[in-house]
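Common to both upcoming complexes is chain A, partnered first by chain B, then by chain C.
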Partner chain A sequence: MSGRHGIPKSRWLPAYVGLYLLFLYFPILLLPIFSFNNASTTTFPLAGFTTKWYASLWGNSAMLEAARNSLIVGISVALLSTILGICAARALTRYRFRGKKPATGLIMAPLFLPEIIVAVSLLMVLLQLGLELSLVTVILGQVIFCLPYAMSVLISGFDGFDRSLEEASLDLGETAIGTFRRVTLPVVAPAIVSSLLVSFTVSLDEFILAFFLSGTEPTLPVYIWGQLRFAAKLPGVLALGSLMLLISILLLTLSEIIRRRAEHRLRAQGAQHA
Partner chain B sequence: MAVLSGTGVEHRPADPPKSRTRWIASEEASGLALISPTLLYALALLFLPVLIVIAYSFWTQDYLTIDRTFTLQNYRTALGEPIYQDLLLRSLVISLVVSVVTVTVSYPIAWFISFHGGVHKNLWLFLITVPCWTSYLLRVMSWKVILGYGGVMNTGLLSIGLIDKPLTTLLYNSNAVVITLVHSWAAFAILPIYVSLEKVDRSLIEAAHDLGDNKLMSFLRVTLPLSLPGVISAFLIVMIPTVGDYVTPKLVGGKDGVMIATAIQAQFGKGANWPLGAALSVTTMVVVSAMAGLVVLALQLLVKVTK
Partner chain C sequence: MPDKPMIAIEGVNKFYGIYKALDNVSLDIAAGEFFSLLGPSGCGKTTLLRSIAGFDTPTEGDIRIDGQSVIGVPPNRRPTNMVFQNYAIFPHLNVEENVAYGLKRLKLDAAEERRRVAAALEQVRLGHLGKRRAHELSGGQRQRVALARALVMRPKVLLLDEPLSALDKKLREEMQVELRTLQRAVGITFILVTHDQYEALALSDRIAVMFGGQIAQVATPKEIYQRPNTRQVADFLGGMNFMKARVTNETATRISVETPRFGGVTVDKPLGFVARNGAATIGIRPERLRVLWDDAHSDFEVAGKVVDRHYFGEITHLIVDIPGLEQPLSVSETNNFGADDIPVGDTVRLAYDPDALVAVAD
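And then the complex of A and B:
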């Protein structure tokens, strides 16, 4: 059986893709299932439906404190890594300069490094500088970790940008800042929003850096890590985990929708120009 | 528009040579100025820390004071002590197995999306990447629930009668670590392979068919070599980070699945021997980079041979 262009199309491939998706999603769907299960153990058969594990989260002050910390860290990290990402992505897509490759390499390096080594080296520097471990040190560290993700979203958004629009604006007497605000920003805004959402999600779920750098103020993953030692706390952790999964998936879907809409609009504009 | 942006530089007015060099210089200056905040941030909080780790690995610690005389003692311990040798070797084997398995099982998925994804390519990519964006800690925890003694896998196998008592070999060993890591890193392997498959000129495959190559031969001689850059980045992006994984071995590895990160962490916690921790980190990075280099060479050689 041969498909279009002589590219072989096999019958088992879709089945394989199905199995693979099952492998990918099964562990993730399992957590919500057990979080509604009326038993403190995670075994089948299920013991009936309950929302008590979710209700128990509400009165848990340590968890709420961790959630507050995660929110502070997530928002700060999203803002910082997106601002730094905008500078770098703009420089890389707009200008030609020497040292582009090593600069990109350094900023993207955390993708290719064991996280524990990034964490340990940061820990040494921060303690050497005499800084107390706190949410600030977590933010400083997570920005390094989130930058590659923010950058890849931003670069792909900035790449499609038509430079002649800016040149026209400058020729018509607009200042550089005015051009950025009135011409560039509207076009690249979707990428910026995407980058904010993605960085926030990465920060919300990030564990290793938070674990090493958070001192006495845990973020949600660090709080969960502490709870995992106690078997009796597992259902509560599952409920919390399911909520975090839901938030992550919602944010990612939102970011994807925004990104795709912008892509469509750019393509439509491109068609008009041609 | 594509044509315009492709020649974007040329429709600039022709400048006299002198001001042209000034223009390039100013473009260079603007680019550097714009990237400098990010670059300085990365230099201060990534590059400098790594340099300090390297420096520390040649120093020694006496309680709270650091002795800054150059010594190779930490490396002698890191490479000589049987416990660190074992941990390092196991970490390397696990990261090699994980990267080989991840790339192998992910390649057909990338191929499927690129060649048969049709108009829904973006949706497919999104579906594949969503699980990998969700909390890593929670996914590892979930595997613990699946593979445990009273876990989903055992109850499932028991109920269909394949086994008559729960298997104890599922959790707390290196296999559990490998399965969990393969699951965690799937998207990181699929994306680079997909990107390089997208660049493969479809008419080349068609030509191979017309010239009498069967499916397998045209894959080995055209598609695979052309997607090699993606396969290589997939290998690197999976192999190097997994060697230092901390959460997975801790949660599902048990005694037989302990990896080097646990030893590194111990030097910064209660054990408190920063120079040794630094030496272990540097050793791990150097050895895994060497292994990654060998794998890349082997892949290039393999593709040359099958051509």
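And then the complex of A and C:
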């Protein structure tokens, strides 16, 4: 590559990078390490290897209940954010209209709003309306925050979608419905799957809104928060935390792989007339 | 023109709000014809093509394909197929699946479908690439997939929207030859939209030149190049020297003029010609002027001083200032005899054929 030079070499650079990454990941690495430690305290030296903390999770009905709640919320939020995101992303990538930029900005803004303030305001509104706090209120709250994530994934997926593909399909004798099924859906499917995975993951890990709005039905993060008061339960929390970490990383990686492959395909398609 | 054209466009208007994209367009295109819509961007040529395909609906007027009015008929029920400017190859399907896309609707038996796909790919010389995906193809190959995908449907009319504009020059010239050969082989009516006058001249049986939503002239390539109706058409198809001439006589079809340096000539009267203050615009193409060497002479010659010279490899453009003409003449001379060595400042004599002079409407 011309014009792009390598970083000047320095003996300190590897050390700097090492520290950088340590800062980012060391605390998180401790979690799985202690979750396999045969002791109920999180101190070194390690006492030995065990999987009993993981095994104990299976018998824990409160935890399983929270996991079920998280699953319900996660799936609902993923579906809702993605459906709303599809509508908005299609409008934004296909049409020109007045107020397009402000509308985009306002949809993406919750990404940068202080979550706790939004949570408090939502709580106030719900109490004013006299609504029971439940998983439904958590779902509604989380959709606000998942929508920007869904949107950014979907917009990048739809941007590469060339309208002439649909026209070509109609031109070749296919009906509007057939075109949607045979062209539109398969071409944008990776973006949609990617959006579902990302929103699900964001919802799974979300704490503040769930804490404020979940009432008597905790999601996993809220359950974990409740367990932290009891020192004896810490190892179980670590095991649960490690599992959630693993699931999140897997889902996000999967979503990124799908998104990139689709983008590559569409970019190659668009490259000819760029 | 046979009695029953393949495409009949009658009084078509298209408004986008107050913007008139098509302005009273009427046109007949014969079966088996290679017809081009030529014009600058925004002249309405693509809108007209998309109206034939069914993607745009005329505000007024009628379009008939093979005798049937297609107004209100959706694109998927029209006997036309289109090659899109960016080819619109389905990215999630391979080459064969792309070509078979439209056939699936016809519910052919599997063997027949395979046979037709293979034949179509063979026709565009892509038989060996059937399993490739769109992103693994070059621009020229995509172009061929788009052609095969449309031709396999056996349309009555094939519509081509600037199909070669995304290709580089050399490939474009190759594809032009191939497109013309293909059209002769399949015998289908082709309608090509292009802004490239050389492409239109090289490929078409007839050309319609469009400006501002209107058709300025419809004619064969030779006629449209040599006998442009208007100054705008003349300019769009290539360089032309213009001069004002005094009208001495005018009949229904001919006008006689007295030119400043080219003497008196009688020429065909172009459509829509109106003499302004008794004057007409007369033009001559740069390559219809020839440098006279040494003591060669012609019955029809003008002389002037070379004021500039542009070298283009096989030809040289000389800019020659002729006393009495408002503008210097542009002369296109092949480099066979050393036109590229004529020094600026020299006086040259130029021969012309009076038949090469044409009157154009302003």
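Going forward, the second predicted complex is superposed on the first by the 238 of 274 C-alpha atoms of A that agree within 3 Å, B and C clash if a C-alpha of one lies under 4 Å from a C-alpha of the other, contacts with A are read in each partner's own complex, and residues count from 1 in each chain.
Everything that follows uses one rule, which is that a contact is a pair of C-beta atoms (placed from the backbone, for glycine too) under 8 Å apart; a residue touches a chain by one contact, two chains touch by 3 or more.
What you see is a predicted model, and the numbers here were worked out from it, not measured in a lab.
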Is A:S164 touching anything from chain B or chain C once the two structures are fitted on A? First, second, both or neither. both
Touching A:N38 in the superposition: chain B (first), chain C (second), both, neither? neither
Output check: A:R265 vs chain B and chain C. Expected answer is one of first, second, both, neither. What do you get? second
Looking at chain A, does chain C or chain B touch more of its residues? B
Would you sort A:T51 into first (chain B), second (chain C), both or neither based on which partner it touches? neither
If you stack the two complexes on chain A, which partner ends up touching A:T175: first (chain B), second (chain C), both, or neither? second
Starting from the residues of chain A touching chain B, keep only those that also touch chain C in the other complex, and list them. 162, 164, 269-270, 273
Flag every residue of chain A that touches chain B in the complex, lowest number first. 2-3, 5-9, 13-14, 16-17, 20-21, 23-28, 30-31, 34, 41-45, 84-85, 87-88, 90-92, 94-100, 103, 106-107, 109-118, 120-125, 128, 140-141, 143-144, 147, 162-164, 198, 201-202, 204-205, 207-208, 212, 221, 224-225, 228, 237, 241, 244-245, 248-249, 252-253, 256, 260, 269-270, 273-274
Residue set of chain C touching chain A in the complex reads 53-55, 74-77, 80-82, 84-92, 101-102, 105-106, 133-136, 139, 142, 149-150, 153, 166
Can you name the residues of chain B that touch chain A in the complex? 1-2, 4-5, 8, 24, 27-32, 34-39, 41-43, 45-50, 52-53, 56, 105, 108-109, 112, 115-116, 122, 126-131, 133-139, 141-143, 145-146, 148, 150-152, 155-156, 159, 183, 186, 202-203, 205-206, 209-210, 215, 219, 236-237, 240-247, 251, 261, 264-265, 268, 274, 277-278, 281, 284-285, 288
Residues of chain A touching chain C in their complex? 162, 164-165, 167-175, 178, 182-183, 186-187, 264-270, 272-273
